[in-house]
Amino acid sequence: MAVQMLRRTLIFVVSVLVASAAVFGLLAVLPGDPAQVALGVNATPDLLAKTRQEFGIDRPLLTQYFEWIGGVLSGDFGRSYVTREPIGPQLLDRLGVTTWLVGAGMLVALVIALPAGVFAAVRHRRASGSVVSGISQLGVAVPGFLAAIVLVQVFAVQLRWLPSGGWTPPVVDPVAFLSGLVLPALSLGLVQGAVLTRYVRSAVIDVLREDYLRTARAKGLTPYRALMRHGLRNASVPVVTVLGLQLATLLIGAVVIERVFVIPGLGSMLLDGVANRDLLTVQGIVLVLVVAVLLVNFVVDVLYTVLNPRLRQAS
Amino acid sequence: STPSDPSAITIGFTAEPANFDFTRSDGTAIPQALLYNVYEGLVKLDEKGEVRPLLAESWTVSPDRLVYDFSLRSNAFFSNGRPFTAESVKFSVERVKSAAWSISQKSKMDVVSRVDVLSPTKARVVLSRPSNNWLFDMTTRIGAMFTPDGVADLANDPVGTGPYDVAARNRGSSITLKANPRYWGVKPAYETVYLRYFKDATALNNALLSNGIDVISAVTAPDSMPQFEADTRFTVTQGITNGEVVLSFNGRKAPLDDVRVRRALTQAIDRRALLDTAWAGRGELIGSMVPRTDPWYTDLTGVNAYHPEHARQLLADAGQRNLNLRLRIPNLPYAVSSAQVVKSELNKIGVGVTIEPLDFPAVWLKSVFTEHDFDMSIVQHVEPRDITTFGNAEYYWGYDSPRVRQLLAEADRGSAEQQVSAMREVAATLANDAAACWLFLFPNMIVAKKKVGGLPLNQISESFDLTLLRRVGS
Amino acid sequence: MNVIEVRDLRRVYRRPRTALTTPGTQVEALRGVSFDLPTRTRFGVVGESGSGKSTLIRLLAALDKPTSGTISFQGEDITGLPERRLKFLRRELQVVFQDPMGSLDPRMRVRDIICEPLVAQGHSDPAGRLTELLDAVGLPERSADRYPHQFSGGQRQRISIARALAPNPSVLVADEPVSALDVSVRAQILNLLADLVERFSLTLVFVSHDLSVVRHVCDTVAVMRSGEIVEMGAAEEIYEAPRHEYTRELIAAVPTLRTALRRFSE
Amino acid sequence: MTAMTVRRSASPSLWVGLGLVGMVVVTALVSFLWTPHDPTLVDAAQRLRGPSGDNLFGTDKFGRDLASQLMVGARTTLFVGVVAVGVAALVGTPLGVFAAMAPRWLGELVMRVNDLVLAFPALLLAIVFGAVFGADTFTAMIAIGIATVPSFARIARSGTLGVLNTEYVLAARSAGRSRTAIAVRHVLPNIGGLVIVQSSVSFAIAVLSEAALSFLGFGTRPPTPSWGRMLQESQELLAVEPRLALVPGAAIALAVLGFNLLGDGLRDRYDPRLEVRR
Amino acid sequence: MSADPALAVEGLELSVGGIGLVGGVSFAVAAGERVGLIGESGSGKSLTATAVMGLLPEEVRASGSVRVSGVDHDLVGASEKQFARIRGRRMAMVFQEPMTALNPSMRVGDQVAEVMLVHGTRPDKATARAAAVDLFGQVRLPEPREIARAYPHQLSGGQRQRVMLAIALANDPAVLICDEPTTALDVTVQARMLELIRTATEERGTALLFITHDLAVVAQTCERVLVMYGGRLVESGPVREVFTAPRHPYTRGLLDASDLEAVDERGRLRTIPGAVPGAGDFPGGCVFRNRCTDASGQCAEVPDLSEVDDRGFACWHPVGGRA
């Protein structure tokens, strides 16, 4: 048992190390000189050289990498070339924002997808079910940013019910925080909800075909109750997989939404970082994203065993 | 901000300062927020382009135009409580020349040979050669006044003498300025100013439309202007900036080293039509690198005016057939829009154009600006009086004219009248040589709630000057 | 002479991990099986589910490697031989599987299915042999261009048998070839197998959980339980006078019409 | 009990999907021969015209005909899908098959790396590629393709594992087929359905990605018409001229819908679980 | 035999999209009687059973009549609600696949308790659970208490099938339908299971409809047998009579083919020529006529199932001639 845990942890650490090397390598080939970006036009060569030295980017790549990864392993992500502040706390800040956004988006998605997906599955041979799955099909086909733009036009610009963007931390003003979260969460959640609806639908349809659901009906449960009592938990296994994958895409896909709604999350930090060639920051962000995704996968694995007793220790 | 709080105002911007230290980070965002608001210099530039007193109440210039004697305000204090004195001037100016400053603009201080403290309120600056540009440059960030114990953490804690002090910052989203209670001058109209940042022009517009902000500092989506103009909630102003949108030619390389080719390309482009399509007709046409607010402005739009037949002829004369040019532009809206029109126009005279948007600033700076790997580019040149760059043969456009260099030097050295006439000649020469093709002068479009007055018509200094704002009504 | 000699064959499977924290369990599918198979025997293997019958067959066909022990085929040790040195085995020994649908690639035409061993072994005229084979298993010639799903279970099993016969093997191994079939079809296939064994002088290894089927088809029977052969001998002998307790149990449990109907006459 | 085969007739979603995709393909093909106007010709006089007989969908702020841009944009859309899905399928499928057929440790390794790529932000890849090789449709789509490789590898691997567990693969092995022959003759045809389904879904995702990248300014180069860029350029005019956003927006949505429906329809046809009921 | 049968099926017709799958099936099962339903794969046995249970796939249309004792309405055309009250209470079913018929994520004890709670035959969870443990003992599961806490995957196939039986018997139904309940089991396990079904139904006086394709199993378990082919009942009667003196050529063929000891002169088993056609491909008239050696022109007409004294067959040329 301990050995297995160790093995998993080891795989995880190695994955993160490989990922870190990949990020580093990828960014090393990125054209553009961080020093020049920081200094701007008309920078003199010796100023450039001095700044490069200050950033530490004049040293061999391997040295840079080991220094960076060494720092990261001890919790130090380095200092941003641009803000000249430690990156770690900033990352945490931004991660918090993105987590709120993604969490709220996921919530919206689930609130839409669970009932809609179950409904569409139970009625998949009838018109009402087809209508729901048709709508979800359309929802999947709408680009997320288009949904965002339209939502802003309607609810912020025309009706002026909600802010068009911006971010208020929950501790500063909970009401402003929530009202600012509504539209981004909807933009993110509607499309993801449509995607999820389709998965829920097909998972439930699969479950509806299962023998044990027939058994449940043979016991005298109505089809609906049979599904509720016996189907959903089993249908949730494939849905959780998708949820895990979606969470990963959401973390990254939030970039566009963050852009439209001017939300200072990881996505906008990533875009800024790349534009400013703030390489240490970008490396940090990507590493955090990769770790987050791997962690989500890990959680999904654990959830599996909770949901599916077959995966627990067999007697 | 709560719209109900009359002493607060929220202003929307597009470019967010990465930090507060403009001595070491380039870009327009930091001085836009801090200069004249948090930091003050001895002098400032007003919206008509005139140099005005600020921390210096007055100054005299010696006849040989090498010695500047400034008399300073005695009631100015830095936000950390230190008084502003002649020592501050000496410290600040010398600091620009030291390694503490690392941005390239610091070279503008090279002309200063020393600073003398004559008394707490009298400072003398001695130049190594006469320079008209120096005093003008003192209105920019390099003229900002610091105090020795206020420079420990410039990136996060700016200490200046201005009407505002940075109260809070929310990275990626906003900066809060609070009025400095010990400010020496007129108390600003708004006690609290929220500077909010929107990377996206449309997001910025929407914020105002949905009452999220009170002012758009600069509309960069010109096509959206009609919706503000039609809305009775808003005041709209349109002035100019000193940002010349330039179609630059790489003069180092054939065939663009040939003046006929450059003239042909310039004449092939209908700049009125370009402005109309690419920037909704907002902005002004200019014929050279001079905005209307400079004293030596003359209308040069007639030089190398639109004349496609003539352009074709010029190309033929230059022996250019099947010309194909790489238009490598920053991936910014104005450049992308303008480039498409330029391509379409040049195609009409048989010149092929490949548009390559480059990651800005990083890749553009590297390939175009530093490595000169381009035929043409489109960039907005926002620095004040950047016509002088044509005197630098090393500059990316590779324009090399000894005559222009000489004229520029004379202008800097000479009297005010000499300066104006020399600069006029420079502008005319550039236009004539088609050293570049000046597409248009970037407009300054501000939209604000009706309750906000005092909006600066033109944006020609580095600062978004909050001291100008007024409250209207109520 | 013995075609096949099996000595102390063991095979241990490691089940894939089912929980995050625990390693997979080990399953001893075969625990020391030995027997000799003289040429032209019809050898039956019976045993309940999970007793290791299929495992044994996979090892005989060199589709899997034993954990220990040896199998020699026509005098040559085939355990641990790399695939490229197994050509003779692939020619001499062929397998018929249980699931008449699952053992035929649904995306291949019958023609290609039957010719697959010939093509794989570089036969000079696979197409020529096809007609012969179809005829041997009693399928019409036009079947060749159809897909497996267009056939009934019995017909599919015929296709499977035709494929096995293609390289002219001397040993035919059948893993529960009739377990998935209806009684009427079962009879047809059993008849066919008997015909073919006779006609081509085949050695037959026939696996089933149904002792009466094995008794009908085979002359020698091995009874397996939990990876071991508990009893082995002539079919009639075992059926009439089982020595091992488990064999007796097995025989008693197999329902046959005759025994069942006796219930009514009592 | 035997398996009974219930061949499903083509579902409506397959037909609607085919219809929509066919429309995109035909539009793209026609655009090579004819468009109502030059889609890149700037004309200040024609700026922001409403729909008319001459300009079916009107013109944009450059005075360019929207209908013509839409037609040529269909090419970009298809190109995007072909490149991204091509890269992903051609790399991912063999990789997945390999991971399933290789020795366990090697397969594990491949899948671990695969997971990593899956965790890697596709956007960053697109940006880096754009910066290194010049931002345009092709590089962006190579990046999206690479980012999509893992999903193909996963599907291909699980499909292959399924196929390898069948008796017909055992039969092929005992027939003397080599590993490669089994991979080519048995595995690939039988996971083909899964790959095709995955392709059409990835096609849809690629089209959306191109739109999103163009929206962020890392996609198709101007002035090459692309639906994503049209949408981006229309943004500031949304309140004034919603038509400019609606037209490309609807085109994207319909094309994506088409590919998704096609994928669903194909899944219904190819999913062996639906085809054979036991 | 009581006059009022526990289960009565009259003229049951099932079709999908106009293709007839089952036609004119009528039979009755008395309380305490055990009736086998045999026939080759695809003959319509499962469809008939699921029609009785009201568990037909949506696309299948049913007509005719199905009645269960103690229920005052016809089950054909009954609503889901009506069925829900009957299933698991008045009639119950054991399915073939022990691997998939139980909910993998629920303890088996709870799955048994559920059927009692649903119908309110036990007042609360605790009682129902205790009753489940009891039932496990009745179906001879070892250590019923431990088993009740297990998940299906922790049980063997035979054990799971016993759990299924416990579920079916929990509310003492009037009718028990078993659809090939032992096909997936080992012979030794099968023998014990069959014994169990027999005694359990005997003890409770339950009417049993037992579906299988294994004639021997029917002979062991049932008193009466129904033979199905091509969606029709072709023969019926007491097991002994039908199996010793079959009248329908199809029954005859089945019997011959299952007897591995009866061989011809060449040592070959006897077979029915040809194969079972797919649904909808059966010939009109007598469904067996394309495989029947005795078929004549008369066979183009559908022969009725002539029932005399519990013994019936549907054939124009019965084995042994017309009586």
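The letters A, B, C, D and E name the chains in turn, as written, and every chain counts its residues from 1.
The criterion applied here is as follows: contacts are C-beta pairs under 8 Å (C-beta built on N, C-alpha and C of every residue); 3 or more make two chains touch, one makes a residue touch a chain.
Source: prediction; values computed, not measured.
With steps allowed only between chains in touch, the distance from subunit B over to subunit C comes to 2. Among the other chains, B has the CA centre that is most remote from the centre of subunit E. Two chains share more touching C-beta pairs than any other pair, namely A-B. With centres set at the average Cα position, the gap from subunit A to subunit E is 53 Å.
Each chain gets one centre point, the mean of its Cα atoms, and the points for subunit C and subunit D are 46 Å apart. Among the residues of subunit B, those in touch with two or more other chains are 202, 209, 359, 362-363.
Multi-chain contact residues of subunit C (touching two or more other chains): 153, 182. In subunit E, the residues that reach two or more other chains under the touch definition are 41. Only residues 125, 210-212, 214-223, 229-230, 233-234, 307-310, 312, 314-315 of subunit A touch subunit E when the two sit together in their complex.
Across the complex, subunit B meets subunit D through its residues 201-202, 205, 209, 221, 223-224, 226-227, 270, 272-274, 276-278, 280, 331, 336-337, 339-341, 343-345, 355-359, 362-363. Contact residues on subunit C toward subunit E in their complex (touch as defined above): 48-49, 152-155, 182-188, 190-191, 194-195, 209-213, 215-216, 249-250, 252-261, 263-265. Here subunit B touches subunit A in the complex through residues 18-19, 21, 24-27, 99, 102-105, 107, 155-156, 170-174, 196-200, 202-203, 206-207, 209-212, 359-363, 365-367, 369-370, going by the rule given at the top. The residues of subunit D lying in touch with subunit B in their complex are 40-42, 44, 47, 61-63, 127, 130-131, 134-135, 217-218, 221-223, 235-240.
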